[in-house]
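By letter and in written order, the chains are A, B, C and D; residue numbering begins at 1 in each of them.
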Amino acid sequence: MKLFEIVTEPINTNELIQKVEKREAGAITTFIGTVREFTNGKRTVYLEYQAYVPMAEKMLAQIGEEITSKWENAIVAITHRIGSLDIGEAAVVIAVSSPHRKAAYEANEYAIERIKQIVPIWKKEIWEDGQEWIGDQLEKTSYQNGLPKMEKE
Amino acid sequence: MKLFEIVTEPINTNELIQKVEKREAGAITTFIGTVREFTNGKRTVYLEYQAYVPMAEKMLAQIGEEITSKWENAIVAITHRIGSLDIGEAAVVIAVSSPHRKAAYEANEYAIERIKQIVPIWKKEIWEDGQEWIGDQLEKTSYQNGLPKMEKE
Amino acid sequence: MITVLLFAQLQEQLQKDKLPLEMDRVSVRELKEYLKEEFGLVRVTEAMVAINEAYALEDDEIKSGDIVAIIPPVSGG
Amino acid sequence: MITVLLFAQLQEQLQKDKLPLEMDRVSVRELKEYLKEEFGLVRVTEAMVAINEAYALEDDEIKSGDIVAIIPPVSGG
């Protein structure tokens, strides 16, 4: 069973939930990032995701380690899909279990923020009149002078 | 399709996700509250949930309304199960979709906090050597002089 | 007649989930006092009351035909 | 020899996902400069570099046999 995975097929949310279920857990949170039809008023026809697969899986596992060091007893599973995705399809699913709910929410949100910082995955938006590779990071920070921020404070 | 429901059968998380899916949503969060084996060091054998069903469903719907007034475009579905539940089974599932992820996390957490404040559902813990109806509220606040807090600030 | 619904520990204490009371008009406060004295439901003081599925205040009035639920501290989720 | 992996807009620009470079020792900074000048990859300046699947700093040294990935700003999730 792989807790951190890049896949090309549709993601099964239930499988991720099963990966983190345990008798000690009282709370399981999931996050499903889906392909939205409109971004900044522009209509997306579909998305194309590309990854540096082996490194992306390593970085997902690193996020998992960061989480278990911050939230004791949390268990995390993350699957990111690549390839062509239609509107409404899930690009990423994150499942976190924890004995307490607060940690399950916090750790889950931490995971998606970190994915957007350090995991080598790229998204191309295809519109009716063009297409573009998106660099979310670029809008906020440039990391041309060093490592991406490795820890969120 | 009922967005707010009290049921006696196991809850299907996927069905809740389907209830809130839409093309405008970029984020779906779910919360699954499961029966934990240990609470305060004491081993639970199983739980028994009871509800004042028609009022509980009304209160769940009210939480839904509170959420859509606070987080525009959020869609919420909540199912709470009653009866006997074994360790690991889901007592409650909350699904929230929203165009943006921050709102999906916040609204979901708001829903579980509000459930614990205003929805007439009671839990009995059954241990090997006894049993007790739990009153979560009582540990924190007494509302003998008025309404339960109707809005979280 | 007023119908009083009981849940959780109160239901177990009386071994009943329903109490039909021959009353016409009574405030929430008075009803709680009555349930405490007549049925020994001491924990009713920490409970909320709902009239016809809506939370009520201590001074709200209950009329004949109303369904009144005694809501001990909730513990769902 | 150093193998350079390209992704996203850089891959499309060169119509290649891989560049084998006859180099022995080069710093990350020097490699980025080289890719910019030799291949016109101007956007390499805003990219991170990973050596053998781990993020590297500008002064880190790349050796023959290393797999070097040019990582433009990521946009997963």
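The definition used in the following text is that contacts are C-beta pairs under 8 Å (C-beta built on N, C-alpha and C of every residue); 3 or more make two chains touch, one makes a residue touch a chain.
Protein names from UniProt, one per chain: A, B = Molybdenum cofactor biosynthesis protein MoaE; C, D = Molybdopterin synthase sulfur carrier subunit.
Small disclaimer: the values here were computed from a predicted structure and weren't measured.
Seen from the C-alpha centroid of subunit B, the farthest chain centroid is that of D.
Per-chain CA centroids place subunit A at a distance of 24 Å from subunit D.
Centre-to-centre, using mean CA coordinates, subunit C is 73 Å away from subunit D. Across the assembly, subunit A contributes residues 33, 112 that each touch 2 or more other chains.
Shown for subunit D are the residues in touch with two or more other chains, of which there are none. Applying the touch criterion to all chain pairs gives A-B, A-D, B-C. Here subunit A touches subunit B in the complex through residues 13-14, 17, 21-39, 87-88, 99, 101, 104-105, 108-109, 112, going by the rule given at the top. The touching residues of subunit C, when paired with subunit B in their complex, are 5, 7-9, 11-12, 45-48, 50, 53-55, 57-58, 69, 71-77. By the touch rule above, subunit B contacts subunit C in their complex via residues 33, 49-52, 54-56, 58, 80, 91-92, 112, 115-124, 133-138, 142-148.
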